[in-house]
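In the two complexes below, chain A is the common chain; its partner is chain B in one and chain C in the other.
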Partner chain A sequence: MTELAARLEGVGKSYPHFALNDVNLDLPTGSVTGFIGANGAGKSTTIRILMGLVHHDRGTVTVLGQPMPAGQAAAKSNLGFVSEDMRLYKAATLAWHMEFVQSVFPSWDQTYAESLMTRFDLKAAHPIKGLSHGQRVKAALLLALARRPKLLILDEPTTGLDPVARHEVLAALMEALADESRTILFSSQNTLDVEQISDQIAFIDGGRIVASGDKERFLDQWRRFRLDVPQGTTLPVLPGTMASAAQPHGARLQVVVTSRFEPSMAAGYKAAGITVQAIEPLTLEEIFVTTVMSKKAGATR
Partner chain B sequence: MYVQIMEQIKQRVMVGDWPRSEEIPSIRQLAVTLSVSVITIKRAYLELEREGVIVTQHGKPSRVAAEPDLTSRDYEAELAHHVTEAARLCGLIGLSHDDLSERLRAAVDQLKKEQP
Partner chain C sequence: MSNVAIDWKLVQILVQKDWYFMRKSLAVYLALGAFGLFLISAGSEGTFYAGSVLLVTILISLGIHLVMATVIQERTNQTLAFVMSLPISPREYTMAKVLANLTIFLIPWLILVMGSLAILGFGLEGAGLALIPFAVVILTEIFVAYCFVFAVGLVSESEGWTIAAMVLTNLLFQGVLYGVSHLPDMASTMKGSAIVWNATSISLLGVEIAMIATLIAVTFHLQSRKTDFI
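Moving on, here comes the complex of A and B:
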């Protein structure tokens, strides 16, 4: 049994205009979980519940062995959090923030903090107000990483970063993972980032987790078939397949996407008199969009 | 993505960056170095073991196989790539066919001389 850094079971939270429903999510120790969802899907609410910043109405939440929100004080000594809208004191310098965090968290590692400062190209003496968005994100990340937290929760850490800064941030995250006892949950709209560094993936849409699982297996299960359907032949409906909406019904060239790929499916099409022109893997972004769109259309057969 | 990692590793083994029977980085180390998820590297190692390129033992560092099974097809592909590159560079700096052949012959001779 894998150890878990955090677990959400049947978690729900209702607001007048939005509800989070039956969220189940396990974060195994030592893993990176990518949390993908559109704006307003419930990513931040879920993250805030994990952080004890929002209290859930239903279900149970355990973080680093502590029940949330009751045990949040104990959990937070080992919990690092960075969100894109996190504010640092504008008039104060990065050095001031570092001293401040160090005074609260005994686990602060000054050597590591300084190496991150060099790596992120940040200056200790700079007041926060003079920093760019990217520099502020890196500063916030430095303040969280240098505490060497067991669980690092990042809300959109790479949003709005230039390609070089994104690369620096992702590399720093992976480096933190060299210690097997560390766990990362990060939300992102950038599926490329998630595809690169995540071990497992959770898709959230409309306040529900619509899919989650081991990344490689996930990518393995999705395929796109390009089919040549001769006139007079009916396209058989295989389990877990969705016809792409992009083509008119009855067209000869059809594209079918499946979330439960089996090599035998190709034979199934051939037996029906259909030529399989290509079987292609999908990117995480395509999978995400397909999942959300098909849920919206109720088109999953 | 694991397929790309597999190809990179095979190349390293082929060119000798990762010598035969030598220890290779742990899954986690390589994940950190390449900034790629642990599960992707794990999958690549698993497939490479199945293909006989590396050997993994529980609780011990993984190693390159003593006789890694890099099918000749891989060598062919690598050779074809280098030959194409050589031809391209040759055109770029304006060398004649004979110049290129001569250089290649010299390189082969040089390699023979170096090897005991």
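Moving on, here comes the complex of A and C:
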């Protein structure tokens, strides 16, 4: 049985204008889970529940063996957290922050902190108020990574970063992955970032997990068929297929997307007299958008 | 909130953090307070009045500044997420905030109150002693008002509600000042030349101390019912 760093089972939280419903999410130890959703989909609420900062109304949450929110202090002693809306104290220097976090975490690795400081081109004596947004994110990441956490939770850390800063942050994360026992949850709207570092994927929309699983399986099982459908020919309904975009009914050129690709599907179309012009892989972003749209439209056939 | 034991070392680290960020402001308030005490002790009626107003203003301002800097701005400046990412429970966070705020306010408050009482007791001729019970009741009211503003700030985490609490307590202060000075039992003793602690002044002080204890207890209770901390 896979060891889990965190598990959410049937978790729900209701607000007047938003509800998180029946969220089930497993974070296997050593995995990197990309958590993808649009603004307001429920990513941050889910993460705050994982951190114990928001109490769930329904379900159970376990983080590093601790029931949440009751065991949050114990869980957080092995946890690093960076969020897009998290700020450091403007009046203090990075050195003060490092000393402060070091005084709390016995696991603090000063050598690693200094190497990250060099890599991120940060100066310990710099007050936080003089740093750019990218530098502040890198400083927050340094403070989270140097405590050598077993679980690293990153809530949209790359949002608002310029391409160079984003690359540096992702590179540091890739290096953090070298420790195979470290588990990472990485939420983002940017599927390219998630695709680069994740091995597990969870899509959230409207407060529900709409799909989750192994990234490679996602990428392997999703395909787009470009079909030439002669007039009078009926498009066969194959398992897991859905229309990928609005297209006129009865049009000759059809685009069909499947989430359960089998090489034999092409033969099925050919047998129906349809020419398969192309079979294309989908990017994670296309998979996410198609999943969300099809759930909304109830279009899965 | 959980019943897990409080990690006092972590609470101490968080209290020290708030002291660190308030240290420069605190020095300024204490310097201004010393100047206020100097004015009170200068001897003339005008400087006594100016010094008293300055002292009250400093204590009220310190309370407001403290709540805004250590509680409200932790939310508005988005540093709360950083603090709550530490291995801390909401109960420990509340404990740290209460201890940091009470000690940061209490120490300058005590210094300035003791200074005022020393001047009234030894620095002014005759009339000063009689004002001591009144001064203690009024200066303690400032402490009560501070506790109320702090409680509203911590529980609501709202700048708007905290400002409303400040306005309310400042208005009430004027009312308390007027009301206490016009209570027959208080007014009669203030005109003498000796300290008179009568039932009225002792009762007023007792009520104020009870209010401080109640406000702190209510703060802990309401914080324990919170379900969202960010």
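Quick note on the criterion: the second predicted complex is superposed on the first by the 300 of 301 C-alpha atoms of A that agree within 3 Å, B and C clash if a C-alpha of one lies under 4 Å from a C-alpha of the other, contacts with A are read in each partner's own complex, and residues count from 1 in each chain.
Note that a contact is a pair of C-beta atoms (placed from the backbone, for glycine too) under 8 Å apart; a residue touches a chain by one contact, two chains touch by 3 or more.
These numbers come from a predicted model, not from an experiment.
Chemist: Using the superposition on chain A, decide if chain B and chain C clash or fit.
Modeler: With chain A aligned, chain B clears chain C, so fit.
Chemist: Please tell me which partner, chain B or chain C, touches more residues of chain A.
Modeler: C
Chemist: May I ask you to decide whether A:Ser103 touches chain B, chain C, both, or neither, giving the answer as first, second, both or neither?
Modeler: second
Chemist: Should A:Ser31 be classified as contacting the first partner (chain B), the second (chain C), both, or neither?
Modeler: In the superposition, A:Ser31 touches chain B alone.
Chemist: Just chain B (first), just chain C (second), both, or neither: which does A:Phe81 touch?
Modeler: second
Chemist: By the touch definition at the top of the document, which applies to A:Lys90: first (chain B), second (chain C), both, or neither?
Modeler: Once the two structures are laid over each other on A, A:Lys90 reaches chain C alone.
Chemist: Should A:Met174 be classified as contacting the first partner (chain B), the second (chain C), both, or neither?
Modeler: first
Chemist: Smallest separation in Å between any Cα of chain B and any Cα of chain C in the superposed model?
Modeler: It is 26 Å, taken between the nearest C-alpha atoms.
Chemist: For chain A, which residues belong to both interfaces, chain B and chain C?
Modeler: Residues common to the chain A contacts of chain C and of chain B do not exist here, since the sets are disjoint.
Chemist: Mind listing the chain B positions that touch chain A in their complex?
Modeler: Residues in contact with chain A: 1-2, 28-29, 31-32, 35-40, 43.
Chemist: Considering only the defined contacts, which chain A positions touch chain C in the complex?
Modeler: My answer: residues 48, 51, 53-55, 69-77, 79-81, 83, 85-92, 96, 100-101, 103-105, 140, 144.
Chemist: Show which residues of chain C lie in contact with chain A when the two form their complex.
Modeler: 2, 4, 7, 10, 13, 17, 20-21, 77-79, 81-82, 84-89, 92, 227-230
Chemist: Which residues of chain A touch chain B in their complex?
Modeler: 30-32, 167, 170-171, 174-175, 177-178, 180, 195-200, 214-216, 219
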